[in-house]
Amino acid sequence: MKAIVVNPPNKGVEVREIEYDVKSIGEKQALIKTIANGICGTDRGIVSGLLKFSRPPAGKNSLVLGHENLGQIVETGSKVLRFKKGDYVVSIVRRGCGKCSNCLSGRQDFCETGEFVEAGIRGLDGFMREMFIDDEEYLIKIPSEIVDVAILLEPLSNVVKAYNELMQTQRRMIWWCKDGSYDCRNAVIIGSGPIGLLFSLIFSSQNFNVTILNKRDPSPIELEIARQMGANFINIKKESISTNIDVLIDTSGHPSAFIPLLNKLNKNSALILFGTTGGEASEITAELVTFLVENNVLLFGSVNASKKDFEDGVNFLTVWKYRYPSLLNKMVTKVVKPEEAPDVLYAKPKGEIKTVISWT
Amino acid sequence: MKAIVVNPPNKGVEVREIEYDVKSIGEKQALIKTIANGICGTDRGIVSGLLKFSRPPAGKNSLVLGHENLGQIVETGSKVLRFKKGDYVVSIVRRGCGKCSNCLSGRQDFCETGEFVEAGIRGLDGFMREMFIDDEEYLIKIPSEIVDVAILLEPLSNVVKAYNELMQTQRRMIWWCKDGSYDCRNAVIIGSGPIGLLFSLIFSSQNFNVTILNKRDPSPIELEIARQMGANFINIKKESISTNIDVLIDTSGHPSAFIPLLNKLNKNSALILFGTTGGEASEITAELVTFLVENNVLLFGSVNASKKDFEDGVNFLTVWKYRYPSLLNKMVTKVVKPEEAPDVLYAKPKGEIKTVISWT
Amino acid sequence: MKAIVVNPPNKGVEVREIEYDVKSIGEKQALIKTIANGICGTDRGIVSGLLKFSRPPAGKNSLVLGHENLGQIVETGSKVLRFKKGDYVVSIVRRGCGKCSNCLSGRQDFCETGEFVEAGIRGLDGFMREMFIDDEEYLIKIPSEIVDVAILLEPLSNVVKAYNELMQTQRRMIWWCKDGSYDCRNAVIIGSGPIGLLFSLIFSSQNFNVTILNKRDPSPIELEIARQMGANFINIKKESISTNIDVLIDTSGHPSAFIPLLNKLNKNSALILFGTTGGEASEITAELVTFLVENNVLLFGSVNASKKDFEDGVNFLTVWKYRYPSLLNKMVTKVVKPEEAPDVLYAKPKGEIKTVISWT
Amino acid sequence: MKAIVVNPPNKGVEVREIEYDVKSIGEKQALIKTIANGICGTDRGIVSGLLKFSRPPAGKNSLVLGHENLGQIVETGSKVLRFKKGDYVVSIVRRGCGKCSNCLSGRQDFCETGEFVEAGIRGLDGFMREMFIDDEEYLIKIPSEIVDVAILLEPLSNVVKAYNELMQTQRRMIWWCKDGSYDCRNAVIIGSGPIGLLFSLIFSSQNFNVTILNKRDPSPIELEIARQMGANFINIKKESISTNIDVLIDTSGHPSAFIPLLNKLNKNSALILFGTTGGEASEITAELVTFLVENNVLLFGSVNASKKDFEDGVNFLTVWKYRYPSLLNKMVTKVVKPEEAPDVLYAKPKGEIKTVISWT
């Protein structure tokens, strides 16, 4: 079958035929036809040879790329309980180490050993291929009302994890407002890529006041998306943010983007680090450390997601699809055929929010 | 009565007579005779004129210094329920703003408005005086078995808060070991001052493996203290730490002290910022940010303590006094008379762990 | 204006004109035109004179009935920030005591003093009238996509509170399944009234396996509703439940309904008590107590909801409206005019799930 | 070696020689010399043949009795890290199923499968024998200062678990007092046996107001113990309790003991079921169910303990030994030789709080 294949840690990508036995479906497995893949920075990092932790499955020389996915079940094993032919599904990316307490209880996003594998990233073939077999336990059922936007579920799941973690960690004190809601809280998101917009959506639909920051003016689509969810969009090069910040989310990975904003943090506030990049450094002063101490500021890095985070994401997609008609669809700025994938994997299309490979 | 008085934000300190009406005890108040005060960096910061947030009570020109305290009740108001004459007490330092949800529920350590006052620091006279009147609700009862070490309770309370907050925030996943304890976890404490040693004690008595770091060799007393609690002491200038770190606590305030250690942090680990200082800066790279993201690292600054943290501290003091005989007493390296206080407030005595002013 | 008025604790209800100054809108208030009210057992309990805690506002002889509500803003005060004319809103029922920590932080559903008031129930006029003025802080914004089903929000809010409390309390151990989801957990709901169905919906959309119990066969509507959400419906008089139970929810208030099922509870399971009634007793044996102990069983009674629970309910309504088309509409089995309200308040219409008074 | 042996589920007990290879110490194991065993109701239940779940180890006909234990290490395997010859230890009773998430992460007290074993109770030989070999991971180190009272650690561990669970579950709202402590909370404990007294101690040392209930007058020892910790002791047959209750703990297992007290429960209060017995029943009315609902009452049964609960118990024993001199020692009302064990296992000595078998 056709697949998009890389050779990490070497650079390059090609669309080629691979051998794959679509008949060897285990009792608790399903054969899945790929509908679409999303492309993100990690994919481009692998293709460019920069992501050094990327590796093929044990004993193999190449890796099928792709972790953002949407598929449809073609056939099920005899002991599959919750799925049937025709169901739309999203596959979970990370598979646990089988050793640590977190992986043994379905929280592989908090794997302690680092011995997990990730489909399309490290040690496990990904989803950029015509078909694949997967275990029932790794599949998320996609209700019919959101099939057209479900390609956003995998990136969303990581955002949901970070949000859920924020709510859990902030229980160190009373963080909600005096009316019991979060409508007095200001969430500021650095970056207006797909992750930034998904964070904006999740905080908006929890009634935070949301501001999206970038160092350029918004595109018309970004402006329309922000307007629909009731968020502000600020070009930080032109305008400074006027409010204090209760939760700051960095999706850029640049310390130079978030460190200058830390002095806007309210007491008991939180900073979520989500973005990853390299080749940059900023200064952190002892005065800033004192500020973090005196104000009980919390910070955490967040990566990956649990199955429950995917499931919560399914419900969020339904909410947003019907509350903000066409917003989610607008986030898909380009759809390409598998044969065209190398082009959009080598270079990011102009004005991209999310580029999607369609297999149908 | 005699008191140790400062004029913040101006520098200087003097021991002088002040006027104070020891008769005006309210129904729910007690008159307390000061037994001892501890001296910490905050006191010296006020005396040196460096702590710019320090201020006298509203409408006054000077401030009675002192927040670390131990006293004995001389007289009680008619509606005091839980205390009687002769009881030993420690007074809570921070008094809430009366407005935010945290202050209204006894968590003034998480005050949101910043409108709190702190005895001996900002807006409220402190405890370095012969006697003072305080409300019953701000008093912690000191059981007789620990009167001799209870001067350590106030600094300890802040350490207890940070520890309790760690345990609450780390509930974001399964952080305990596979046997249900914490004996597989490595706590590394930067700094061997009183706060560093109290952190070491709390983690030791919860069965973490504890390492104390400093950039010099330990003094004989520090070595003896570390040995008694079963902790390692490493001169980080001579030796590097061999283990990975599950919780790193900085009591120095120097980014140059903790940033080079962050690459030793385990997945899902935590960094507690507790120290405050100034006049220094370090670099934080995008690669380090990526590391924090990929490893779900948590960080928080922690300041002050709730009444429950003081109460937990009372129990810890009893445990440590009897488990490590003489350890806590060794932490008091110098005792001075009130008249000698200016000397030890202007300059830190050599080999100091904790210097105490004795009023009896 | 027209209103539905009761005289608690005396029985009776009448539709009559009341005096109400619709001009006296405060700066942070809004004037709201009533769209609809739902009727529940509490309303009928007041009308029948059985609910002895029901009382008029202080200094008044009668009470405007009605707590389930949906309205539309007609006018706003000058300092209203988040609402404008034309917005659809639901008003919160309970208003805090202004004294206890829970009420002071927006958690009046956990009021400690009992000095709260509840619109249409005790001490505060309710929403069964043409118009009313309310404070902005008590209003929930209803997005346009769910206006037609938002009359279900108030009863739903109480269900959301209980669900959120379950998830918080069950954090005493690892309760999720080995894949990180809840798809291995069986939720059994006693009762198929509106509350029972809303509990079924919330557990279904969190991927629990849901069984609805009643002591009669389901009506065609109930059967269709259960089928749509993927739940079983069991007539407990004819059939016993085959699975063990991880969470049992009683919406009946009858100990005879839930006590015989307790021996089906799994280890670490939970029982939520939600229903209230009277005039019945059942036996609890020491053997049953031993069973609860040996199996770490948790039980809690749950009443009322916070503003955040209402807001979560808004999102759930959007999910269910689009995932299960027509299901929520089917729950409204009868719509009456205000003039007809006494009929449906004195006696429950046959086949009722939810009866609604329409004011438009 | 000598051992106290039972044949569950048959009644009877004998002191006899058993065969046991004290040489087969694994690399991560230790050989332990028994110092003492405590006797509790479970032991007597097994001896009397009433505890039907008691069973010998797989493939054996008899069971060495005894789960409350204190021992001293005689020899260690080559890979034991944290213990050395001469260390005093207490062994954990329950060993996990190796299958469920809770057991796989050291929370076998919340085992989900029920396939655990318990030393001296079901499926695993107990500690009433001269010596035994155990895995390092199941051993709790006893600091020297509490060796004389450490026989109370195993029963205490179960009390600590229940207390920790209470504090976790009550985080469903703000339960602490307005000063941030628990000094406004009333804990009422039904029963003055060893478990009742340990609950009283734990709540006393957390500053709850504690009342101990029994249906008889206190013995002089009980009165002295209550007085030392500052608790009230009420003969519930003569006197009713005057305060409302924030947490009620039943150590009796009799529904007739706790059900009549439920109407004294405050809003948001909790009931901990800890006692187990049989042969009794009480009535629960729908009105009582309504009361539990309207007041958000929480209830849970609690059994067993994690390793962390044992470790917390070690710290509590140190606190209580030095805060209430001789109190813990007074709880041991009788010490017998192994040969005399059958007498005190068949019939409870008069005035017993805790009877101990001494092996040295």
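By written order: A, B, C and D. Residues from 1 in each chain.
Definition applied: a residue touches a chain if its C-beta (ideal position, glycine included) is under 8 Å from a C-beta of that chain, and two chains touch if they have at least 3 such contacts.
A quick note: this is a predicted structure, and the numbers were derived from the prediction, not measured.
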C-D or A-D - the one linked by more C-beta pairs in contact: C-D
Option reproducing the contacts of A-B, where over half of them reappear, out of A-C, B-C or C-D: C-D
Inter-chain centre distance, chain B versus chain D - centres from mean C-alpha coordinates, in Å: 35
Chain A and chain D: spacing of chain centres that average the CA atoms, whole Å: 47
Mean-CA-position distance for chain D and chain C (Å): 41
Multi-chain contact residues (two or more partners), chain C: 101, 104-107, 171, 174, 176, 178
Complex contacts: residues of chain D adjacent to chain A: 101, 104-106, 171, 174
Complex contacts: residues of chain C adjacent to chain A: 82, 104-108, 137-138, 143, 145, 174, 176-183, 205-207, 306-308, 311, 315-316, 318-319, 321-323
Sites on chain D touched by chain C in the complex: 101-102, 105, 107, 109-114, 165, 168-169, 171-174, 176, 178, 250, 253-255, 259, 266-268, 273-303
